[in-house]
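Letters are used for the chains, namely A, B, C and D, taken in the order the chains are written, and counting of residues starts over at 1 for each.
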Amino acid sequence: MGTGYLDQLKQEAFEVNMGIVRERLVVLTWGNASSLDRSNGVFAIKPSGVSYSLLNWQDMVLVDLDGNVIDSKLKPSSDTSTHLEIYRGFNSVGGIVHTHSPWATIWAQASKSIPVLGTTHSDHFKGDVPCLPYLNKDKVDSAYEKQTGIQIVDFFEEKNLDPFHMPGCLLSGHASFTWGETSQKAFENAVALEACAHMAYFSIILNNEINFPTYILDKHFTRKHGKNSYYGQNSNRV
Amino acid sequence: MGTGYLDQLKQEAFEVNMGIVRERLVVLTWGNASSLDRSNGVFAIKPSGVSYSLLNWQDMVLVDLDGNVIDSKLKPSSDTSTHLEIYRGFNSVGGIVHTHSPWATIWAQASKSIPVLGTTHSDHFKGDVPCLPYLNKDKVDSAYEKQTGIQIVDFFEEKNLDPFHMPGCLLSGHASFTWGETSQKAFENAVALEACAHMAYFSIILNNEINFPTYILDKHFTRKHGKNSYYGQNSNRV
Amino acid sequence: MGTGYLDQLKQEAFEVNMGIVRERLVVLTWGNASSLDRSNGVFAIKPSGVSYSLLNWQDMVLVDLDGNVIDSKLKPSSDTSTHLEIYRGFNSVGGIVHTHSPWATIWAQASKSIPVLGTTHSDHFKGDVPCLPYLNKDKVDSAYEKQTGIQIVDFFEEKNLDPFHMPGCLLSGHASFTWGETSQKAFENAVALEACAHMAYFSIILNNEINFPTYILDKHFTRKHGKNSYYGQNSNRV
Amino acid sequence: MGTGYLDQLKQEAFEVNMGIVRERLVVLTWGNASSLDRSNGVFAIKPSGVSYSLLNWQDMVLVDLDGNVIDSKLKPSSDTSTHLEIYRGFNSVGGIVHTHSPWATIWAQASKSIPVLGTTHSDHFKGDVPCLPYLNKDKVDSAYEKQTGIQIVDFFEEKNLDPFHMPGCLLSGHASFTWGETSQKAFENAVALEACAHMAYFSIILNNEINFPTYILDKHFTRKHGKNSYYGQNSNRV
């Protein structure tokens, strides 16, 4: 097998990295995205601290699932170990996006989960988007980024959350991660998370007793996901 | 009669679909617009789930007023049945816009109508923009999109609201619909709804006892609408 | 004397009309600007209800200070009588801008003056930007736009406000007007009003007992205005 | 030595002056940036009151550390004396940015320091960004801009703050200054300050008892700064 697929992987990761800037989810270098080829055990990720205005697709850094950098003189994102733990812990995840997008980060800084209040949210996240607690001092001081990834995977396991029903989370005092079957899906979930974080913020101020019915949440989620989905051109049902 | 008018209908619908993205009323694929040729009983609507960045006017899907797709391999918007019911229920409506624009959706998620507080609102909506209640479980589980359209038409009839005096509404836990004699007017009402939703939100926080006089509301609405209108180049009166 | 100055007047008015759209003070057709040549008693103003995307400088409508349209097939802005009364009442004003810019309008809808809380505001407005009361029913029903202009001029006279120290105001339930020696200055004041309206809104929520010292207000206003100004390349003092 | 370095200095200052407009930290002429060549004791700064749309790099004004204008017919920024005092007081600072960016100014108008609530803030500012008190009347009336610079330097000395651990501050009733080893770093800190000001505002409304752990603050600051930093391509540690 040739290595053309590695170039394609870099291009996919590049597209999503540029997308999060274009959608104003990222300023300066506050974000990174990766794209995984699980069959080959390799993902492409943004290089650390490189300005988005100077980025080329060739700059994406290839990393294997043991965390070894393949074929690059650039250092990968400082958050690479977090991506790695998520890829290891969540089977079938093919792309990850990390941003400090303002409204998601506002909730994360307040250590609050984002409540599901409407169909926009339900189309992407089947319930409240959880905010994980502050990482403890030992974990921060030892292997911070790796521990962040482990915290996410452990939290989902403990709470029995399906990472495809809840393709993202907040980290207290930090920011957000989203993921999906592909990096494109992870990107769409990052856009959705920011929009829902913004709208939820102001809806709860306007009405602090919102009772969004579970049957509408379920309807909207299953309209777009699973075997009975009928949204989009490639859905299973007409 | 030739079918050139069908191409024109698709182009009209396309322009409005792109307009709602350009005006930032829509991110991802959270919105759709349609344009109706009532004399021929056909409307053009966005295809379901197709990315706006890939959309061409030729992709618009033609649907007749019985809900049959005419001449397209693409599936129409998942909200097509809602459009259909509005066209059936509201005579003279020639265009419909559905968006999850942030501020309109913030009010919808809070299940609150948008109060009329000024002339900007009065130029487009003659009174508070109503927020309809959550659809019940039976309706959501049976024919959700069709029931949404029926709910809108029934609500306006029940409340004795003229759809041209109130060319839009909110749906609890969901988002907004606007309409007009043409798809262009429906678009302008969608832009106006979002701006008014934004301004009303912050005005009521600053002053929770606003008493906007009805005579200013009436003055502004009739300045732009009806036989004594004098706004614009084609108004009836100078 | 030739009529080249009339073309120049139209171009000036056009530039400012496009500027308020570019700076996002205006959506749809919610705004208009005019530029006056006082020596010839003629001003150029936006035509009524014409989409900004279709506007050319040649479309600007020339109106004399008696309110007669000169040389145009287009109707002038529906707010022309307001501009006219301001030009008549405020000597030396050479340009006027009317917008429904969101934050200024939020204060206007709440019937609240914008308090001076900092140097940004002080550079343009020497004190709180006043919000005038709702116009009464008789005035709205008779000659609404003309009465709006008269209200502004009367208010400034009654409160002994210098229109160059306070080059703008809010109208309850409506929006804002700003002015200046030139239409360019009126434009800059419109931009400043919107920015100051936005910042004041959130500053007073954060601290409802702000005591911005008058001596800083005076310092900043006189730094930019009057015989001892020293800001900019053409100021009187180095 | 040739004077090519002076052209380069002007170009650096120009880039940052345009950057703060592009990032929407500045409207009208409400901001200015400078770049210092400390070895030659010369800095380049924006000319006073010149519209950003007309600015060329050649317009940057060269000023020496005694405050003398070198080689320009244009007057330097009215805030030049503030820049000068900061360069004199803070060794190793090589660039300064002053803006009235909206959210930083909202805090400054409220006379409140911006609390550190998360990692975004910690990456740039090691603790709360302080808001200095209103300058007193004597200082405002005598040498306002110079006194502003002196106030900043004195405050940092008095509070024992390292200007590279806290590369910026707010001024009550006014706006913000940021700085850095280079004008590019000063620019990045200005962007960070605005984003953090925005997010902190809404986080504290959502949760007024946020307890962001000091060990995460320290971790993030040292990840990017100092001898053990490992963020970016040129950091000291892998």
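By our rule, a residue touches a chain if its C-beta (ideal position, glycine included) is under 8 Å from a C-beta of that chain, and two chains touch if they have at least 3 such contacts.
Being a predicted model, the structure only gives us computed values, none of them experimental.
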Q) Copies chain A, chain D: same or different interface, half of numbers shared as the threshold? A) different
Q. With chain centres defined as C-alpha means, what is the inter-centre distance between chain B and chain C in Å?
A. 33
Q. In chain D, which residues are in touch with two or more of the other chains?
A. none
Q | Touch-based graph of the chains, sorted into line, ring, star, complete or other | A | ring
**Q.** chain C to chain B touching residues, read off their complex
**A.** 27-28, 30, 47-50, 74-75, 78, 100, 102-103, 105-112, 134-135, 137, 140-141, 144, 173-175, 201
Q. Quick one: in the complex, what on chain D touches chain A?
A. 23, 117-120, 123, 188, 191-192, 195, 198-200, 202-204, 206-207, 210, 212-213, 215-216, 219, 223, 230-233, 235, 238
